[in-house]
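The following blocks contain the structures, represented as structure tokens.
One chain, subunit A, appears in both complexes that follow, with subunit B as partner in the first and subunit C in the second.
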Partner chain A sequence: MFIYKPREIFLQSLQTLSICTYLLVIVGGAVLLFHPLVLLALLLPLVLALAAAGGLAQWRKSLKYFLIMIFLSMIINITVNKMGATVLWLGPVLPFFGRFIITLESLFFGLVMGCRLLIVFSAFILYNLVLNPDRALFAFAKIFPRSAMLVALTAKTIPYLGQQMQRAAEIQQCRGINYYRGNLANRINNRLPLIKVLFLSALEDSFNLGESIQARAYGSGSRSCYFRSSPRPRDYFVLSASLGAALLLLWLLLKGEGSFQFFPRMRVLILSGGQVAAMVYICLLLLVPVLLSWGWSKWDYLKWKI
Partner chain B sequence: MVDSQWSLYSLLIAVAGIGSFYLWYERRGSSPREMALIATLAALAGLSRLPFAAVPGLQPTTFLVLICGYVFGAAPGFLVGSMAAFTSNLFLGQGPWTPWQMIAWGLAGVCGGLIGLRKEKMNGKGKEMVSRWLLVSLAFLWGFIFGAILNFWHWLTFIYPLTLHSYLATLLISIWFDAVHAVGNALFVLFVGGELIKLLTRFKRRLTVSGLPVERLNGEVVHHEKNG
Partner chain C sequence: MGLFEVENLTYFFPEKAEPSLKGVNLAVQEGEFVFLAGQSGCGKSSLLRALAGLLPDFYGGRVGGEIRFDGCPLAQWNKRSLAREVGIIFQDPENQLVMTTVEQEIAFGLENLGLPRDEMRRRVAEVLSLFDLSSLKRESIFNLSGGEKQKVILAAVLAMYPRVLLLDEPTSQLDPVAAQELLNYIHRLNLEWGMTVVLVEQRIDRCFHLADRVVLMEKGSIAFVGTPGEMVRWSGNKYIFFLPPVAQVFREISNGEVPLTIKEGRKTLRRLLAPIVPVETTIPLPPPVQVKVKDSLLFSRSSLTSRVNQGSVEVPLLETRNLGFAYPGKELCLRGINLQLHRGGVTAVLGENGAGKSTLLKNICGLLKPQQGKIYQQGQDITGYRAEDLSSQIGYLSQNPNDYLFNDTVEDEVAFDLKIRGAKDLSTVEPVLELLHLSELRSVNPRDLSGGEKQRVAMGTVLVRNPDVLLLDEPTRGLDVKLKHQLVELLQQLKHRGKSIVLVTHDIEFVGEVADRVIIMSDGEIVMDGGRQEVLANSLYYAPQVNRLFRGVDHGVMTVHDGVERIKGLLGKVFPK
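Up next is the complex of A and B:
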């Protein structure tokens, strides 16, 4: 039932810290910097990483919903932003928002914000595809053991309750109750006793679960650890590349070359050679996991070595 | 120049807020029974999102969290709300919305807890009636507050300039979903709330272990009561 499905792919074999750092650098870069070329340098490796994780089909599927959100936020930016100097269209006066003006600058700004939104959404699609929730929880449990236990219990209970609900519904259907016919009120009325039973049995079960946890001496000593995972060379490669990209992004931010002046008029896109070099290096560093993933699937020696 | 720092600050504050609450929970400690009950309530709240995922806006989770807070108190309310958001997203997909959903549903639980506290202090016949209608109106309001919290980061990160006009425009985009959420919440509390409160109160009583008064040989009576 999890969105995450274990597969034999390179990105899933990375440690939680490495993959989280990689994604954090991309999301952090997209949130803090909005130079169009920096965003492209972040988007390109991200899309290739999604392809390496076999998630392009899912990305395209999710894109339909995300494009609506991106389009809506572009509309807001165009509607409320009247700071641009190059007026393209003078629209009608809207109540509360004043005159609707489309400027070249606000249009471009809306597009760039849409690109940022796309990067953030795509990064989370990759996160859902490659980060094993169990491993993430294992890392999280070192700092928050009780909360990790709560997450594990809740995550285990959701599919169990779903199955219970399905089972109870099938029994009721055998008795002639139809959940899919009749008007909405009828359908809700038919389902209410089912939900009540589910609540009662789930809460009753929770007490048994609590007693079972206590009987297993939960909290009487340190946490049991059934598997240990140590970082491998691939983790060091991805971690170093991500940290390198983070440093370059920070350098651009501090130098003021990671932002772009949209209003009142757009300034030139490229300010210096150093800026272009930094963007190219950021792109190349973020491509490291993609290249390793490609090598991992094609070259057995590399797979064994890293 | 467009300023993007507010987005980062807001995210840091949100994550620090959630983190400090969970740190407090780690230090406070809780019995396995209480943990299992909170996990089950969070699972029920999270599960209720899944069948309604196809109807944008309609989420019984808010009403369930509100009622949990009302019966069990503000801290369990926050735990149930935030845990429901995080774990249900393991099935629906984590995103930039996850910390904000955790905060929004957590605060809905805290809000329910505060109403429960107020009810306990109230006396008289109208006590049940007042708290019921208060819960209905609060559930309705939370439909919009939830939307306002979730739109906040989107507004700070992707919209410019950061003015009241631009925030209202952002809210306006999701107003229909928020309205469906608000009406759904109010109807859930109105029609199912009373029964759910009774049910949860019964389980809350079962969590409280009361010892019978023990009379010692010298005639002194000792009372025991503790939460387990």
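Up next is the complex of A and C:
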């Protein structure tokens, strides 16, 4: 589970604003631009940042699920998209979808879309690993007080629900329910009691939690903040690097070099030297938190200084 | 003028025809320790919530009468000021924690009060030291034990510097050690800081003597208010269960001042029995154990011997041989467990948290698969069988009855266990409902029942399958004294029907009442196994209150009834009629 656990790591020591800006630039870049090399320039620092946060092993474990999703997105794309000019396979005529055609362009397009999905998922994982939900609650509560509490509680509730599900599943097994026998319909049917128990318990627990929050004065007026909220040099470094990368992404977007022509035939990947330089700089700027994290763990002097 | 003044308070929960509180009148003085007692569902929690300003504010519903705090009607207090003055703690720590680390959880309420950062830091540091939580300051909430979680909640509430602390069964989810630690803190807060405390608690033996006044509630009304001593004299037979065991013993034989603690009880006992038996004021340590029983040999051998002497060797209903289990990637947490269970017996398994008690039950019922050893059911090897395959022969009742309940009515819930087995004949449902006193509640949604009633419904789902072996994990958790007594009677009935019952519990008084055989586990092993008297009387920690009272006088005394009879017998020798 990608749950925040407090540890002595650089990325967790950053302010909410710094880490959110960093992640927002990466996710924004992946959503707005779909040049394969830009996506690589976003993905590489992101994966290294996951490693710096100690989440690479968990990320790798969930990679198989991501790959299935990427594969599904490719299949959907191939099925509905017939725009490519380089036909690899001419299949049969399918009802509703028409002729099934696999083109090199649609295949590549699906791959790039999957890569964008992977970046968004990975950014979400990094968010959970490095951003203290309590700090996030404080930061977001200023803007969206009710929604922030809801999100914070939801994030906290997920592992509890996991434990509760395990417990309830054991009980239903002891009552004689078999989750693993019978056809698919039977198996789904056998899990219904479990889901009912889970929902009912979650609903009851939420009342108790609500009482506790109210009794401790939540929502009784403006809140103060326990955390140190003044940024440190490390935050300025990460913010500057993130904003620099954002400017370069914007530049690519405005110049039209952040996109890539897939159809009807794929265009060349590199249009200009400036484009390549921008991509390299984006990658390097987004690597700043990773490099600082590495230095932070190696040199105490740097740790104290930033 | 009292700090709290409750005048003719009546409250109806939304869509309920019966009031939860009926014309309650009560005054709580500043610095007082009030113990609020009563059966489950009598309105204790509702009154506590009303005092905290949560009723009707949080739940809605209709309210009559008035509560004044510090002379001002509660409704006129603004939420922030009231939260600053009145702190409340509920039963389950899991449902009170909001943040992810200890430090942040404590700071949560202070942030809500809008205190400056320096003030918050000072208060957080203070309560961390007070509750010895400094080492856990940056610890994730998920990694804490139940006792630590409840301590964090108490620290978080106290950091807000309330004048009043309201506690709704704060120890109901804790083991005895953690519960005692929490109660010690609460007592200290009252004694040393003069904090007003209103405590709802089922562990009467642990908190009755701490109170300045006891308030007994019944069916939404206040039945009695007075000092603990007055409560003892007033209680009569109807309310005797709301007294600690020591007081129950002496109330029967003394017209004067009735002791409330073991220390006072031993003094009284010494005075009463001085002519015939010398009673030391301090509790003598148990004598060296003559027969230390390991691997459950003594009990099983002796019971087996008696069965052999009767002419036939009975195959055990259930047997484990050299059972060992480890969770993935961990060391063995069960080692060399040899256990034999025969028909018609109640076996209690005691031990500290993490001793392997619940793991043992889960191995037996098939939820966990042992890595070592074998399990036999009436001679048949059932090692590795799944729980669903064993569910008709071995019934397992977990700690939380909510995990069972999802059907619309009590009757459907109990019948569900037959229906999933494809049974057409549901005639066994009725006797089970009757046995558990659930017939009148058959059409009620089980989720709307009280804790004790839910526990009985969960028990019904197990009994309807008519299993030979019943495994009960902490069956008394959250039950009031009267319900515990009913559970004792139920287990005795089931025992006489030939069931073999194994219960894991921390409730020593309950074990003293119900068990025939007691097993003590430590670090995954059985360290003691024998008859109830043999094990409990030889134990310093695992001894019921009445046994400790009589230690040095008579080791065989386990229950209040035993105690009363023994004293009457001894006094009869001195003062024959």
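Everything below uses one rule, namely that the second predicted complex is superposed on the first by the 220 of 306 C-alpha atoms of A that agree within 3 Å, B and C clash if a C-alpha of one lies under 4 Å from a C-alpha of the other, contacts with A are read in each partner's own complex, and residues count from 1 in each chain.
One rule holds in what follows: a contact is a pair of C-beta atoms (placed from the backbone, for glycine too) under 8 Å apart; a residue touches a chain by one contact, two chains touch by 3 or more.
Treat the numbers as computed from the prediction; the structure is a model and nothing was measured.
Q: What is the contact status of A:147 with respect to subunit B (first) and subunit C (second): first, second, both, or neither?
A: first
Q: Just to be sure I read the superposition right, which of the two partners does A:133 touch: subunit B = first, subunit C = second, or both, or neither?
A: both
Q: Once the shared chain is lined up, is A:214 touching subunit B (first), subunit C (second), both, or neither of them?
A: Both subunit B and subunit C are touched by A:214.
Q: Which partner, once the models are overlaid, touches more of subunit A's residues, subunit C or subunit B?
A: The larger set of subunit A residues in touch belongs to B.
Q: Touch test for A:205: subunit B only (first), subunit C only (second), both, or neither?
A: both
Q: Just to be sure I read the superposition right, which of the two partners does A:248 touch: subunit B = first, subunit C = second, or both, or neither?
A: After superposition on chain A, A:248 lies in contact with neither partner.
Q: Going by the contact rule set out at the top, does A:6 touch subunit B (first), subunit C (second), both, or neither?
A: second
Q: Have a look at where A:38 lands relative to subunit B and subunit C in the superposition and call it first, second, both or neither.
A: The answer is neither, since A:38 touches no partner chain.
Q: Classify the contacts of A:196 with the two partner chains as first (subunit B alone), second (subunit C alone), both, or neither.
A: A:196: touches subunit B and subunit C.
Q: Across the two complexes, find the residues of subunit A that touch subunit B and also touch subunit C.
A: Looking at subunit A, the two contact sets intersect at 3-4, 133, 153, 160, 196, 200, 205, 209-211, 213-214, 218-219.
Q: In the complex of these two chains, what residues of subunit B are touching subunit A?
A: 1-2, 4-5, 7-8, 11, 22-23, 25-26, 29-44, 46-47, 50, 79, 83-84, 86-88, 90-96, 154, 157-161, 163, 165-166, 168-170, 173, 192, 195-196, 199-200, 203, 206
Q: Give the list of subunit C residues in touch with subunit A in this complex.
A: 49, 52, 54, 57-58, 78-80, 83-84, 87-88, 90, 92, 94-101, 103-104, 107-117, 120-121, 124, 138-140, 142, 153, 156-157, 160, 362, 365, 367, 386-388, 391-392, 395-396, 398, 400, 402-406, 416-417, 420-421, 447, 461, 465
Q: Considering the complex alone, what residue numbers of subunit A touch subunit B?
A: 1-4, 27-28, 31-34, 72-73, 75-77, 79-81, 83, 96-97, 109, 113, 116-117, 120-121, 124-125, 127-128, 133, 144-147, 149-151, 153-155, 157-158, 160-162, 165, 192, 195-196, 198-200, 202-203, 205-207, 209-211, 213-214, 218-219, 259, 261-263
Q: Write out the stretch or stretches of subunit A touching subunit C in their complex.
A: Its residues touching subunit C are 3-6, 132-134, 137-138, 152-153, 156, 159-160, 164, 167-168, 170-171, 173-178, 193, 196-197, 200-201, 204-205, 208-226, 228.
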